[in-house]
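Shared between the two complexes below is subunit A, which pairs with subunit B and subunit C, respectively.
Right after this comes the complex of A and B.
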């Protein structure tokens, strides 16, 4: 007689280990805030306005949809706040209030609630929002144009735009150290590489995000960019570290690609998904039309996610 | 922490952040500096990011305002932006408000009596335009013989917006042997 024990449950009472969705989301927000601080220091009041307004309006949109759908209010889980924070991190400090309001609407309503809320969204809500925003109002979300009034003691041209338009010679003024410590233009919370990496490391060590996705994302981007410099036309492509520390690469690898609902759950699929994001990012940057390929790359890999997750899944309940 | 406590915290967070965000938007509007740092020239051939401050300051290229902003010799403190005359809305045309500068500087009424008013009034751009084949515009030959104005080709080559900008930048870059002169070195294509 087959007598294999598959699942053992003791009788009540049970002890909750304290983990919850809100704990996870607030920890991710805490880690992300580390990367927002340099943005506050650089851009001051306007950056504070965008971040605070983005978080608040994201929560308000979620509350409104909850009320309309006659569902319990879910802003307590912190996911709406996290979405608002991540969106604010990716946009310029000069973004007007109505664009922030529209962005959070797109993320919460179109990107998340329309699919049934947390866990049901096939795409990262912030990626959906950023894709629509940057296609709709190019000037507002073009860092070169948006940050015209600011003057810092570093090259103020958006590195990826310079690379795309004028080639690697135009980015010689950007050292890797500068890029790592945030001496570059970009979104409020997406320029300081070291802060993003520390936040990501914290989340990986605490188990809030999967290292497989972040690691394979960065590895995919690094290897692809390296292959371009190795086999591509000489002097046409930027080095791998430049690609890692510019644009949305780090914020994408740590905070966007790792979202639970839109990423795989199995080991091999996670590696493939992350690597796909990284490879696509560099392909779009080097031979595609867009300046930064991260948003589109994650969008496409989100689309492929259900299929990728079917690659050799481990059967539920299978032992050894 | 119970779910109700989480919800209460979220409500408080929403109200506080909304207030802080609203106040900061009102208190810290993003304003264009009086002395521009950079300018973005939007063109159909790709935008150009112009480092205005770098060109102006002594530690940069040290260009004088009058090197680029012409037409205001009499009032050197009141330079107009290039786009004030060479408007972005009408990039293919000559400036629309020529008389603001030329009325006081020259004898425009004497020389161009038909430009001022009346049904047959001519606009500046009717004559001061660049024809595709380089010929003299038809509006000029209504009053002048072609031979009469042939030597004044400089006037005929009055610049439209792109000509003005290109001439301004490229001539200077060539003169100093520094700076881009090729299209793809300035325009983000």
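Right after this comes the complex of A and C.
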């Protein structure tokens, strides 16, 4: 027995397609970075600081919880860093450090770890964090107020706020091309439509996010906004493209709604869920009280997710 | 190993290996010193066992452990029994190992030749339960319901393996003879042979109804064959026999045919050996041959930290010893280099849904795995369709969190149904 060779005994299948959590999360981060760069260029040092601080603190919170719960340290899977990055992309470059610290705490601890960590969270951690943050400190996350120190060669009003306050006439100074290339104010990584779209396309093609959700999100938003312009009071509502390229619509459709744990996995539920997010976003913007509806819309659809995902195909040989 | 394609949006497409005209006949490898036979019967000290260490046995001799028991093995060599001992097989299945050391004098046992002059169900049951390819003989005498349809499976059920295809290609006449015998001795009315497109002509010559299947994994799964080709969806959890259907490998039918043709019990098993570089070689060896004899004949070196897999890459079972013998149902052996071994993890499920979207049985694997991890088997069966699983292994193959999903599934099924089902599913 002593000279017996030691072979590895494990379970089938003995092949794996090579995917992994870290690959997935790092690729999402990579794609998201594309949209952060215009933010860096525009806002300079403060934006870089917010992004770095957010990623770092998210990872630290995760590690602290791991240690307290005596779990293996999970920052290697890249999810905490991704959460930090996404949070930073949604907030203004002027956010004070303590607000970032609170934001990552809310995302990692309240949004993710108390539900048992990655895979257990019913809501997107960043959505949870953003919802609480913007309710708590309105001023910090109001882009008009927050970005006062900056003046660029484009309209410095937050497009959605103008729309809400003064109606569609006030937004005529924003051309769609401007919005698309990021000539608008907003979160560090959520204004450059083209960069977000390219990142999203990359992730969809590589299979890291599910096209069904992103696509139906945007379609839902587009159709709803279009219906408003068609049947709503004349001159009261902005066009569909304006809605798609402003606020958090794109970052929501590509990076927030597609989070695995809080979204459905079956085909029809994915479409319903995505469309629900999109429709709700526009409803909140057009007739609700908030300036942007994305965070709340995703939050509500996250809530409905377990129910929607019950619509599933019949399993093989299932006798009803 | 086939990895996810760069455009991960597309589902990974796993293809079976299909033999072509260039494939050469299996290389024969002779037993060096000993063979080890595994009997499903366990014995304890109180049983009076029929065979003893030291007994002389002849080639083709039937060895039953216990008087009055159906279970037996067939000695593929002439020699002497050197040990009889308990043996633990896959999933903790208890068996008995019988080791025979070969001597130079080859003597054939004549009892089958005598009985085989007039084929009968009795003779078949008495002598042919240990055929290469594994024929579930007991099914033939089953009464309620009687087996009416026999699906002869001429396609290998796992990737890289070409064993059964080789049998269809080279032994179509034997399969034909096997079908003839079965027609005579059993009540089976319909014979269907399932093969890949390329073996259509060989299959036609066997006289059975020919059905071809696609080359994408897992279309050769008996459950999917039933559904896609026979248009019948087996209710989840039912076995084929319950519906009067048996699925057996082409090799089993060919062995049956050969047995009556030559009036001797075949003991040579064909198998596909896959070395560390992924190259396949077909070999023909005696049942009971230790794997290490095959490795040394083929110059394959299995080292510490490598993995030896009996069966294919998706559904096989790994073994801890290269002394493991070739069994009647061993269709393939893989030696996987340590550098190719992908690890499983203890990550939690992230609900990415890759498994759900690839599962051919349309199971909500993401939910199922949660219930299995918590050992909530009843819910797993009732609400999340555990018994719909056709055991293809794709869910584990694509799992982003590298959870051993398939292992959970197999273990819990095992737990729930006991050992018998492995036999039925080994076809």
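The rule is simple: the second predicted complex is superposed on the first by the 297 of 320 C-alpha atoms of A that agree within 3 Å, B and C clash if a C-alpha of one lies under 4 Å from a C-alpha of the other, contacts with A are read in each partner's own complex, and residues count from 1 in each chain.
Heads up, the rule we're going with is that a residue touches a chain if its C-beta (ideal position, glycine included) is under 8 Å from a C-beta of that chain, and two chains touch if they have at least 3 such contacts.
As the structure is a computational prediction, the values presented were derived from the model and not from experiment.
Trainee: If you count the residues of subunit A that each partner touches, which comes out higher, subunit B or subunit C?
Mentor: Touched residues of subunit A are more numerous for C.
Trainee: After the superposition on A, what does A:166 contact: first (subunit B), second (subunit C), both or neither?
Mentor: A:166 sits against subunit B, while subunit C stays out of touch.
Trainee: Determine, under the contact definition given at the top, whether A:75 touches first (subunit B), second (subunit C), both, or neither.
Mentor: A:75 sits against subunit B, while subunit C stays out of touch.
Trainee: Touch check for A:265: first (subunit B), second (subunit C), both, or neither?
Mentor: second
Trainee: Considering only the touch criterion stated at the top, classify A:7 as touching first (subunit B), second (subunit C), both, or neither.
Mentor: second
Trainee: Answer with first, second, both or neither: which of subunit B and subunit C does A:149 touch in the superposed model?
Mentor: In the superposed model, A:149 contacts subunit B only, not subunit C.
Trainee: One more residue to check, A:233. First (subunit B), second (subunit C), both or neither?
Mentor: The answer is neither, since A:233 touches no partner chain.
Trainee: Taking the contacts subunit A makes with subunit B in one complex and with subunit C in the other, which residues are shared?
Mentor: In the superposed arrangement, which is not itself an observed complex, subunit A uses residues 77 for both subunit B and subunit C.
Trainee: Which residues, counting only subunit B, touch subunit A once they are in their complex?
Mentor: Touching subunit A: residues 1, 3, 6-7, 9-11, 13-15, 17-18, 20-22, 24-25, 27-33, 36-40, 46-47, 49, 53, 184-185, 187-189 of subunit B.
Trainee: Once bound in the complex, which stretches of subunit A touch subunit B?
Mentor: Listed in rising order, the residues of subunit A that touch subunit B are 22, 44-46, 48-57, 59-60, 63, 73, 75-78, 81, 93-94, 97, 144-145, 148-151, 156-157, 161, 164-166.
Trainee: Given the complex with subunit C, which residues does subunit A contribute to the contact?
Mentor: Going through subunit A, the ones touching subunit C are 4-21, 24, 72, 77, 116-120, 204-208, 210-211, 260-261, 263-267, 312-319.
Trainee: Hey, which residues of subunit C end up touching subunit A in the complex?
Mentor: On the subunit C side, the touching residues are 1-4, 6-10, 12, 159, 223, 227, 233-238, 302-309, 311, 313-322, 334, 336, 338, 341-342, 344, 346-354, 356-357, 360-364, 366, 385, 387-388, 390, 393-394, 396-402, 404, 406-407, 410.
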